[in-house]
Each structure stands twice: as C-alpha cells, then as structure tokens.
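Comments concern the structure below.
Letters A, B and C mark the chains as written, and numbering starts fresh at 1 in each.
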Amino acid sequence: MKLLNVSGSPHVHSDESTKKIMWRVNLALVPMLLVATAFFGLNALLISAVSVATCVLVQWLIEKYVMKTPSTVCDGSAVVTGLLLAFNVPATADMIWLVAIGALVAMGIGKMSFGGLGKNPFNPALVGRVFMLISFPVQMTTWPTVGKWFPMTTDTVTGATPLGVIKEGLTHEGATIQSVIEANNLPSLWDIFLGHMGGSQGEISAIAILIGAIYLLCRKIITWHIPVSFIGTAFIFSGILWLVNPDVYMDPVMTILTGGIMLGACFMATDMVTSPMSKSGQLIFGFGCGMLTIIIRNWGSYPEGVSFAILLMNAVTPLLNRWCKPRRFAN
Amino acid sequence: MSVNPILLAVLVLGLTGAVFAVVLYIVAQKFKVVEDPLIDEVAEVLPGANCGGCGKAGCRAMAEAFVKQGNMEGLKCPAGGEEVARKVAALLGCAAEASEPQVAVVRCGGSCDKAVAKNHYDGLQDCAFASSMYAGESGCTFGCLGLGSCVKACQFDAIAVNPETGIAQVDENKCVACGACVKACPRGVIELRNKGPKGHRVYVACNNKEKGAVARKSCSSACIGCGKCEKTCPFGAIKLENNLAYIDYKVCKMCRKCVAECPSGCIEATNFPPLPPKKEPAAAPAAAAQPVKAEEPKA
Amino acid sequence: MKTFAMGGVHPEENKISTHAAIEQFPLPKQVVVLMNQHLGAPATPVVAKGDKVKVGQLIGEAQAFMCANVHSPVSGTVNKIDVCKDPFGLPKPAVYIDVEGDEWMETIDRTPDIKRECDLTPQEIVAKLKAMGIVGLGGATFPAHIKYSVPEGKKAEYLIINAVECEPYLTSDHRVMLEHAEEICIGISILRKALGVPNAYVGIENNKPEPIRVMTEMAKKFEGIIVEPLKMKYPQGAEKQLINAITGRKVPSGKLPIDVGCVVSNVGTTFAVYEAIQKNKPLIENILTVTGKMLAANQQHNYQVRIGISYADIVRHAIGELPATTGKVISGGPMMGKAMSNLDGPTVKGASSVLIMDESEATRATEGNCIRCGKCMHACPMGLEPYLFSSLVRNGRYEEAGDNHILDCIECGCCLFSCPANKPLTDEIRLGKNKLRAIMAAKKK
C-alpha cells in the first residue's frame, strides 16, 4: 500500500480551478468571435488566430527559457489575452501581422515580465492594444467598412467608427452632433446594438458581449459590480452632459453602445487579476473607469478612452484593495 | 507689458530655486539629528546584510550599540567574523575580543534510508507549520523535517536541503554563524559550534530525546541514550541528558573514540582524513586513535 | 430559513453512513487512555502500574483550572503509565490498561430505563459535570464545567444546541438524534436548568429532515426546547456562525459567546450530559462514524466506541484492511478534521469519525499563482482576507497580518476549499497565527 498523505485541513476542494475559469472566459468570448467573423470575414479569424498563437508561444518560450518553470500555457490565460487583444484591433489585412507585435508586447511586457499569471498590475491585452495604438496610429484607426454579411474578401475602402466620425465632425465650424450623424449617414441604434458598425473586432456587437457576460455571471466568474457601475457611470455622466448641451455631447444610449464600453466593462475591466477584490472596491473601480472614459472621449484627443481609463484604474487597484476591505464579522 | 521670455523663464525658475533652497536649509537646520559620526564609520565596516545574527534589528542598530557602549564587550558580529571585529575595534579604540569562529551544525542523521518515511506530507512547505501539526514523515518528533525553513532564513545561501538525504546541509565555507537558521528551526536541530581546527568537529548528529526503543522505531541512526560514548570519552566532554548524548565542543579533544563506540553510528566527525580500512574489528579503536596523535601537535 | 450572515461554502455532502444504526464496538485487548483529551493541561494519573480498575473509575484527575477528569473506559489492570504517540505521532502522557472482562463501577446505572427527573441544583449539576469529565464533543473538547459556570457579571440568555453537523460525511450526530432523541432532550433540560435560561434552540441543517422531524416531535413534550431548521451552508456549526444564524447576534472579535449571552453545546455533549447526570456514567464513550466514498454500503458504520481504542483496531474491525488506494485517513470531517499519520494512536473524547479518502480525492492539486479572484475573501465567514494573509505570512510580516485580524480566523478551511489556484491558504493562516501568538507572548514578557 502507498503511504498515507498528511496535510492540514481542509482535505476536500471545490471543483474550481484557474484552468476552468480561463477556459470558461474563452467560451464566453466565442459569440464575439462569431459576430466578428460574420461582419469582417476571414480577416477576423486570421487576426484572432495569429494573436492567440503569438501569446501562447511567447508565454511558453519565456516560461521554458527565461523563468525555467513548468509551462502553464494549458491554463488558457494566454488564449484569453490573445483573444481580447485581437478583439481590440480593427479587422484589416494589415493587422494580421501587426497583431503579432501587439501580442508580443502584451505577453512579454504586459504579463510575463511581472512574473506571469496573477502578477501583472495592468491588463496585458490593453497594454498590447495601447502599445499598438501609439506605435501604429494609422493602422489602428483605419477601420474596414461593414456592408455585407460574411464578406469573403476584405474591403479596401476604409470607413470609421461612429465615435471617430463624430469627434472629427465636431471640429468643423458650426457642426452639431445631429448634423454630423445625418451628414455621415451613421447606423441606427438597432444596427449599433447588433454590431453592424465600424469598430474593433470584438467591441461592435453589444448583444454578443451581453451573451458572454451573462454566461460569466451565471458561472460566477464575474460579478455585476464592475460592469454595472462602469456602464451606469458612463450612462449617467454622459446623460448629464447631453442634457446640458445635446449639440456637443452624444446621447447616453449611443455613448454606451458605441466604442469599447461594453467590451471593456464586461471583459477587460472585470479581469480578476487587475481589478479590486471587494465589492465596494469594484464599484469604485467601475465608477472611475466610467468617468475617465467619458472625460477622455469628450475632452481628450482620442475619440475613444476605454483602454486608457481601464489602465489608469488598474494602477489604482492595489490602493482600492487596501482601502476597500470586506466587512468583517461583528464589526 | 512685454518681458523677454528667456529672461522671464530664468527669473521664475531662479526665484523658485532660491526659495526652495532657503526652505530646505531652514528645515534641515531645524530637524537636524545630532549623531556621532563614528556610527556611520562603524556601520560602514559591518557586513550590511542585516541578518540579525547579533540580536539587533540590523547592522545600523548594531553600529549604534557599538558606539554607545564604546567597547566590544558582549557585542559580536557573527557574520563579519574576526576581520570585522578587528576593524570595529580599531575604530572604537579598544581591544578586539578574541573569539573562536563558529559554524552551524545540523544535529540530525535521519536520512531517507535511516528515518524511513511512514507517510507523505502534502501540505504547506514550512517546518514550523508541519511541526505544529504532526510528527513528520519519519515519525521522529525531534529530527529535521527537510522542508527548508532554515534555507529560507539564511541570508548567505549557506544551507540547503540535500535531496538525497532529505536533511538540511550546511556549506561551511559560506556559513558565517549568524544563527538565523538556529532561530528558524522549530525543533532546535541546528546548533552553532566552534568550527574547530582545520574544520574538525565531532558532534552527535541526533536530537531525539525519546527513550531508545521509541527513538529507534522512527530512525535507525537515532541516539538511543545508551551512554557508551559518555563512558568512553577520556576528557569528560560527553554528557547524557534526556536519553540524548551531547558533546561539549569546548572540552572535546577530537580523539574520535566515541565515534567508533556508538552503536547507532550517530556521532559525526567532519573533515577528518578517512580512516584506514579496517582489517579486523579488534584493530579498529587503535586505528581510530592513530590520526589523532599525528594531529595534536598541529592543533 | 435562517443561516449565518456572510461567506460560507457548499462542499459535497456525502452523508453516506446515515442509514447505519449505532453499534457497540467490541472491547480490544488493551486501551491507551491519553491524559490530555481536552483543551488545556493534561490530567494527572491517579493510578499506578498493576492497579485493578473498573469501567468508569477515575484514572486521571484534573488539577489545573483548564482541565478535565479522565476515567477508565474498560476494566482490567494498569499495564504502565508512559507516553504514547497520538494519531498524529506526537507524544502524550497516557495510561495503558490491559482489558479483563467488563466490570463497571457499581454507581453507574446501566439499565435501559430513561430517567426523566433531575432534582439537582445548578451548582450540583456543574460539579457533577466536572466529576464525570464531560467535555464539549463538537471538536474543541472544551471542559464542560467551565462552560456552564457563567462568570460573575454575565448572564446567559440563550442555550444553543449545535446539531448542525455541517461537516460533510459525518453522521454521528444524525444517528444520535434518531436513536436517543428523548435522552438528548432531557440533557438539554438539565443544561437549561444549570444555566437558568428560558429557552434552548436546537439548530439542525435542512439536509437532515428525519432528525428535524424526530427532534421537533420530542421537543413538544418538553418545556423550552425549540428546534430551528437552518439553511444548509458550511461552516454553520462553527460557534460564532451558529449563534449568528439562530439569534442574529454576533460575537465580537476576541470575545466569547457568553459575552453576547449565548452558550453553545454540541448535541453529542447533551447526550453525554444526560448519561453523566442521570446515569452517573462518566465520559468514556464516543459515537464515531466510519465512512468514506470508496467504502461499500455495508462498510459504513456508526459505532459507540470506548475511548482509548486504537484507530488501527477500529479500521480493522470495521472494514478489514485499508483499501489499496487509500490516500488519507482523517479523524473528523474533511473540512476541519486532521489527517492521521499514526493509526496505532488511540481515540480520545470528541473523536467523531474515521474518514477514509481515496488517493485522488486526498492529494492536493499543484499550487498555482494567485489570480486575485477574491473567492477566498467572499467565502470567508469571518469577512477576512486570506489572500492577504498568505502573502504577509510568506514574507514573515506576522504583526501586519495581526493588524488585519488574522487571529479572528476560525480555520474553517473555506478559503482553501474555494481557491482556484490551490494555494495552501488555511495552512499559511495557521502558521501566521502561531507565529503571531509567539511574538505576542514574547512581548508580554
């Protein structure tokens, strides 16, 4: 007979594991991948594949040759980073190779340089995206037009995101939101909800994001706190601005459906590693993300601010963890 | 009114700088800490590892203690050894206390083949935790657990758990006898002993205070407290207490008679030249005594 | 349905031995009675080698304040007084007794009749509990006479009977309630009298419908016993959590239940109290579950076992040889029980089970990096931050862990249970608590 094991209690474990959590997140990302494929065709799949493959490869290489620790690529966290990075870039042909550089930065600098899974202060996918946005501003803001379903070839004509169009349009003398929308024939709210608009691969379809988010909520991988406070703050803050001056500020429904707010709030800000742990901390975190997003969108130089907002709040997370302690028993 | 922008910049920055300089000067004067400059000098010669072997919070605290006392009585930097002691003595202007260099010794011989594992430990890799929970893999409640709490405590990378024996092993060239491992070991297995001439040391590699039969059950090389070594020792260096023999390193003359006598072979003699191969059992004690005679004049 | 305020987990119940009626375990050739079977100082042996003893005779006397008497569980001759290694390999003072026949002390009432009336005063009840060596059987083995002497200036308002049995696998309380409901209710009435409280609340989790029914029916015949079904959640049986679930009160950090007017007693203890007060029988027997997922239905047992019988004997009698794939043998439940390394060690008062676990179930998965998911924090029934303790303890910052209330931890194991990275959080917290206590003790000097 083998020797008896001895360890401290407890001797049983729930069936949760890091691996299960990560693969469930991957599963939740599938609807977005499907929508992206539907609107952008083969490019979407190719970009995602390249991004995921690079992330996995970089992690494997670093673990094997630099850190010399057993490989953890099977836990699926590199795949999550790869998919999220791919969802944050436009589905153009250029991106197929550019995304590999982003993935290298995301995994190499954003994650592994801090010691791998769980040690990174910033969301690695966003680190990769912001790196690409600053390094390749033209390619990163060139969006494929969305016209037909399941395009087999990529359109050479490039369109723009609703946010970009409005930001650019408002710089003209005497332009109002309404005039810009009419002049540029922007998609209707229903189209925007479905995802029939220009934008990064993963952020376009609110409905696909919601399906994934609801799955994660049911699986208790995320809680409602961050998405609700993020989107809620953005909605209320932009609503106030809109009531003050509807000519210059976008209406709140459009605000939360366009750009990366939905994707950011449900999948990027809720990243376990880089978000606070206590519920009160998560509410503050979401509030900060929402405020910063709207501030950057309206008064910053970029039309979109979700990535920066989340990265900034990531930096505050350790402080939030310190301040927002859980309520103690009998205290 | 238009001012030359270059001039303006120079003026603004210059003025700010001047104001800061004045403020800094005032603050520095007001909160000046009067400190003996000797403390800095002493701290400079200390090793700076902050190992805590001296019993102070760190090297700086030790330097303060040296200067406050003015001499070296009762204060010793184990990590620095004699060289540092000499330097500190020169700075303080007193005589360096002569001290024998020491080394950490692991008093356990229960290697995997002798103290056979009777269960498998699957919990937190920490000796204090495992020891608070149960007897350990071999069942010996006194021996080395091999989970490496001492390894984590050592600032000098001088102790490691030997994967073959499962026991902590000291690298005597790196060990500075700071005593961090002694404090870290929950079972008091590690002891500081004099390094000895040429690194010759004789010690009981067992810490088991149980009765012989019980101790034997968990480890074949346990000290069974038979007292043979105590009777054999010509110098009265060995004392038997609580079923455990202990060799006083201040009295021991390294004759190694006890080594041959010990029935469980738990008396360890380090760094001696190998004994000549035994021809017959009767010749063994004589052979053991041989190299000692040759050494005594040197020591 | 009531339950406690925060945290908690839902481990797989695995109550597979509920069907097995309580059997009397046969006497062995020798018993080894440890002198510290309770929280506190060991008892002092009052017999010598060669003495003849009877069942129920005092063999270890409580001389310190925090101590309990120990009685002989068998009749026979004292073989020796020596140290004995307990099931965890740690040496303990013990009395070895060779069993000869089964001769009981004449004072003990061995008739099966139920004695309902008790005319002792509260002081007499407490004195008798002390004489009979009664300790809490819920796990902490706290001497009962100390618990039931309410200190000056404090008043007990609630007596809470812990029949939650929230640990998976364990079924001894379940069986005792089914088979000895009336005795339990008499025991509760005695304790009520000792404390002078109007009502006693019996907390039972709703996964035990049968005991709830039996106890509710029996309680109707008694005054002031209220059965309170509770929503299932681990660790409902922890003292502070149970008080919270039943009364809504919260015992503050560093305080005792009596500070909020509560006294909690395990249901097994109430049975022992009945036997001690009404039948003069000292605490010499336990109800012990032998169970495990890998055992067949006919190998699941609930035994009435004399203390001092070795675990090896129990396993041998109950299932024969340990299965080849046995990974762990645990004394107690899987959440808070202790893994045994020395099956030759004897049982003690308060032993509740022998749980045999399969290798695959018992081996801990490899530890990964903390992904800061916060599951440990949300599972903690005390509202603490286990992940924080883990890193503080790893870096030797014990006092900082103390500032974050590490000493409030009840070691229920919810954090490790729910950690997806399998970090040994509970181990680290225990280590931190030990180290911090040592630091605090050193500072006091």
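The definition used in the following text is that a contact is a pair of C-beta atoms (placed from the backbone, for glycine too) under 8 Å apart; a residue touches a chain by one contact, two chains touch by 3 or more.
On a predicted model such as this, the values are computed, not experimentally measured, just so you know.
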| item | value |
| --- | --- |
| Identifier of the chain whose CA centre is least distant from the whole-structure CA centre | C |
| B-C against A-C, pair bridged by the larger set of C-beta contacts | A-C |
| Inter-centroid spacing, chain C versus chain A (mean Cα positions, whole Å) | 50 |
| Inter-chain centre distance, chain B versus chain C - centres from mean C-alpha coordinates, in Å | 43 |
| In chain C, residues with contacts to at least two other chains | 338-339, 341, 362-364, 424, 427, 430 |
| Overlap residues in chain A, where contacts from two or more other chains coincide | 2, 4-8 |
| Residues of chain B engaged with two or more neighbouring chains | 118-119, 122-124, 129, 133-134 |
| Interfacial residue positions of chain C with respect to chain A in the complex | 5-6, 9, 11-12, 168, 240, 244, 250-253, 322, 324-330, 332, 334-341, 355, 357, 359, 361-365, 368-375, 377-378, 380-385, 387, 404-405, 408, 411, 413-414, 416-422, 424, 426-427, 430 |
| Residue ranges of chain B touching chain A (in the complex, touch as defined) | 117-124, 129, 133-134, 137 |
| Parts of chain B lying in touch with chain C, wherever the complex brings them together | 118-119, 122-124, 126, 128-129, 132-136, 139, 141, 210, 214 |
| Chain A residues touching chain B - in the complex, by the definition given at the top | 2-8 |
| Touching residues on chain A, where the partner in the complex is chain C | 1-2, 4-14, 16-18, 20-21, 72, 75, 115-119, 272-275, 277-278, 325-331 |
